């Protein structure tokens, strides 16, 4: 999603509008700007793919892992977050994250998307309509908070959840997205995050860890069975996440060309590698390759390749994938139990750890040949140790800022409306108590 | 009349039903149940958290039969359900005081 | 889907073929016409997205709401309708709706798609192959009748259902589509229906209302539980409807550019707004926000923004969405019970009411700035009261024509082969009786 | 997927790079090649569509047909195959199948995709990045072996399954793909296989038949109920196969234009026709149209139109579809029982028989008008009997080679690690025994 | 005390529950079961392979009642569940030796 | 021998199983059931149509025990299952005339 990618367009169909002074301009129709219909087609598709990642992808991935009594409540979290964030993004989110030129936060001119006219174009994506760019970014803004739900499954109040989503979007996601992608200081400093290793995954994972700690453990953990009710849903969800992730990563090229192609390849290979690594580790340790392990490994690979996908070649992608599968297996299955926090569906274990790992490995495996304009000196392997340091900085800053603000938001909610359901509601299930419905009625 | 309750391995259901029919039993009612006995289930690991799956799937077959048919029915079930491996299940016999066929209102042995 | 949109193409990649005399022309290869590869890519995708709306989208949305014994029969309705209509569209539907130039009905030259050659192009969509345009329109022709199944769930004979689909397509859908989009009188009069508020949704909703009345209520209604067996399916279905709907609305631009982008934005915002409005209304009235309510609200928003999506800006979309959520909540949950018809899965309550509402609000919120060529005077808010009157006319005409012809078709079926299953079949379930199968065997 | 299609590009957006000497070239950035952004957009989408066909499409289609105890194991087969093949394709598969110019097998220069740079382009697809072409072909290489799982459901060891997938990819799929599409002898001889009637479907079907014979029948067949646990999954799966298949067939145009459009139309019509034909046959014979029959018919139609989709017009497609529905109904429902092999989910009955039928009918219905460059003399109906003979040759060669090598692979696995689970494991279910999990825990 | 076991058609559940309540029974326990009797299920054909679906879905209603209530409860169930068609089901009556209400520890008829 | 039937809240299952094991009961059979008693379920509204969800989910635990074990087992279940809130459930005790272990053919108390 680095704007510089756009300058790599090598084909003839479109004309690059270089260096627009203002971040967005609405053209009079007579002097209508030239956009590229192929780029636009791919970005329309990418936007809907990333939406599909959240609903039904993530919704099913998570819902398949919970017990029967909480399936609908888990689906409701992804669906509800999608709706709340869509409206907030229109009201203020896009304006704060992707307009204006301050280093810390965007501006207020795009509140309610007032200036978004038919022919507006953002300088951040000069070959497509701004409407499409705004929409593409919206889908990222939706899935990031929605991911947090994995950490707080089975025990959070729905009202508190929706308020949490809203506050977190504006106070955590928008600033960090602005820093890295919207023209802020981290992007300017040269940190590489192609599609959201820190902005999306480490960010959501960190928030999940904080939320898991502040909510406390689920009742019955360790003594009752928490076996997933229907892993078939998780397999559907993981598959749709995989398919949709090409919108995420290859879509972050913002154009339909060479960069998108390479990002797609890197994504596919890393994902498969990570799934195999997790499977192999589990097969060796627990003697059986679980289906949950295979799909979790795939998601770990998708997460870890996200920041790197526009900067590495096929071999780099494979190595990142293998590392992600093994490391996330350890963090989700072993570290969690050692430290005893209840990250229910492994939001931190997969997204936090995988996102940080991917961000750092981007600093190792980035290649000038793959992205001459955005990574002109490559990563550590090509001698550019500085890039690795920058990546570590990016990880550290994201973790600290996110953890602090997330804790503050949840603290306020806790002392006001409360964040956790009563013990009886938890025992009987969220579906019937919060939503008045059950599956398999 | 007797109520015969047999708890058997699920894949034996069809064989048992046939055997019991052959023994002259006209009707049975079957329930999916979970059993716990000598066969103990297994330890499951879910995301690194070990827990004991204590129950193994079984089916419960209930048939009300006349006093005369009972021994024959019990023997038929036992013969059909046995595999010789742990977890084969149990048969229990209880006394039934009355039976009514809902459709006709018949009672007693005429009803079963 | 208004042809005039095409003239708004502002980018450089393709050349608009203006004003072809005949509706479609096959070019000799040497003088091959110029189509745009980006537009074609987007319309290929849009076509498959709209197909995905019906199978598995709509199929799951409806199947999740019925009782276990009717799940497969409900899926079979969407799937069977798709197959029957595909073949009929090839045989005569496309010809009747989108070729020829009469005000009331199209021609017969395209029967069996005889004239459709490799390089044919329709004047209604001059930058893409006619094969793609025909296919895109086919997917609309599929979903419209399939929507009616929501009103007649749990009690219609499968044979009668398939015949009803066939007759309705030719006698109701094709004429109305021709009037509005195929060159007929309503489009010429200036009625605005971007992607099918009246042609698709009011039309299907009206047919559903008539069908519900003619079939009568389901046995046991009011005394037995009709709680949905597996709302997880409905959430998957609604999510895929949402995702696919971008093919519906943004695809109706028929090009990959500014119009498609704005339509996508309007669609997303209205949908989220409607879901939140329904949720809020239900939370206030029934004290719990049901998952069924949230997804129903989303669909209501999608329906209502459909006619408006190419004509309104973000704020207009939000207002339409909020109105749709609240109004459809009332119609589906309260009006239905007051009047006592058994619109089982709220085909009329959501699609009929939402489609009419959206069509009328299009006359209020349409903006010249968003669609200078098709809505050059905007709507009521921009002083063009005439547009509002046109929209009301469109709603009225669609309702009356559809209701009359639907009733006639069902009457004929009723007195010949019969339309309702026997009471025993209904009690025991359609799955085992009509299809010989059950779920969770 | 025939390279000659590319020369049919008729629009202006891109420039055809004719006759590249080497199969792929990496351009220095300064003289960057011109690719087409619209073609690239469509091929990015086609690639992810074909991936979606396997996960979750095929995974669900198969998983819905098995008994509850084997659902997760069935899903694991599709998912695991996807991961293993992705990595192998990167390591050697692409190199063996689509690079080099020998008649029998490709070369080794692309091992580990070493030469694949940012701006590489393959001569086989000159208007898109080679990264995208490689990825598109990867998705075909994934689904073909994955299809075989239908024949060996409920009884194969997971370890043996994964090894089988790996060996079969390299020893069967890669050579045959090279013969037909990669520059090998069958394509050069003039055999027409647009998207894989023999390369994909007959190939997988034949392997399935061999595997079913070598594994033996499932325990309890004929005496216990093998009724599908949840056909709703199969309906979702078949629907996603249908939707994704446009990536398969229309994507095989490798460009976004007229050829893709015609292939889409042919695919849609044949699929619907086949579903109706199967439904009608079953309704007549068994008195009830099963949902399983409808979706099986649709898949049969998709299979049979695959080789023909780029060569036939709408009427040809309808006839092929009707034939496929009827013939595959006979083969899956009647022949199987007559001959007594246990092709559990009808991999041979649908894919083998349908693929062969489609390949042969391509030789009958191919039309010069629809594909002047690749089928300049049309098929038998246009007087070119030679084409029909070529098609029969293609079918025969594929069957013989595939059967022989598949048998050899399975024989080696059988005598080394064993291919079938123990009787106890089969009775108790693969899910709990192989993966340690169950659905509906 | 008596244990009344009634096996009825699923769609009759609500009617039976109401009838039994009206007859003074305070509590019941319901299980989904599969039945086999005169009503034999049907022959299914799956992909051309015929097999017999032997079981039809039923619900089992269990209620423990006092000896005096028992006849009234049986009559109420019979009246509510009857359709006159085959497969209407059966009612069985067994003797119960003791009952305990878990919440309070009460025993005997006070517990039911 | 006695058949002990306990209907308890689902989340108490594991505690009850442990308690009953500790009391010397070797095997149990468990069924998911729906209960109706003082705890009445709740009124649901589906699309504006009110209907009463009459049943609450419970589990039924069945164990056949020797006459001597019976009182101890009943007490153990009661202690483990009680929460003091309405809906805690019931325990019923019936007489069993015979028991057979399918695997070995043993009968009587040796079988249980």
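Chains here go by letter, A, B, C, D, E and F, matching the order in which they are written, and residues are numbered from 1 within each.
To be clear about the criterion, a contact is a pair of C-beta atoms (placed from the backbone, for glycine too) under 8 Å apart; a residue touches a chain by one contact, two chains touch by 3 or more.
The shown structure was predicted, so the numbers you read here are calculated from the model rather than taken from an experiment.
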Q. Comparing E-F against D-E, which pair counts more contacting C-beta pairs?
A. E-F
Q | Equivalent interface positions on chain A and chain D, same or different at half | A | different
Q: List the centre-to-centre spacing of chain C and chain E in whole Å, with centres computed as mean CA coordinates.
A: 47
Q.
I'd like to verify one number: the distance from the centre of chain A to the centre of chain B, where each centre is the average of its C-alpha atoms, in whole angstrom.
A. 52
**Q.** Touching two or more other chains - residues of chain C
**A.** 13-14, 36-39, 41-42, 45, 223-225, 227-228, 236, 256, 286, 292, 436
(Q) Two or more other chains touching the same residue: where does that happen in chain F? (A) 14, 31, 44-45, 94-95
Q.
Please list each pair of chains that are touching.
A. A-B, A-C, A-D, A-F, B-D, B-E, B-F, C-D, C-E, C-F, D-E, E-F
Q: Using the touch rule from the top, collect the residues of chain F that touch chain B in their complex.
A: 3, 14, 17, 26-31, 64, 94-103, 105, 111-112
Q: Using the touch definition up top, name the residues of chain B that touch chain A in the complex.
A: 44-49, 51, 53
**Q.** List of chain A residues in touch with chain D within their complex
**A.** 10-14, 36-39, 41-42, 45, 49, 68, 225, 227-232, 235-236, 238-240, 242-243, 246, 250, 255-262, 264-265, 268-269, 271-273, 275-276, 279, 286, 288-292, 294-295, 298, 313-315, 318, 369-372
Q. Given the complex with chain B, which residues does chain A contribute to the contact?
A. 221-228, 286, 292, 332-334, 336-337, 346
Q.
List the residues on chain B that touch chain D in their complex, please.
A. 11, 14, 44-45
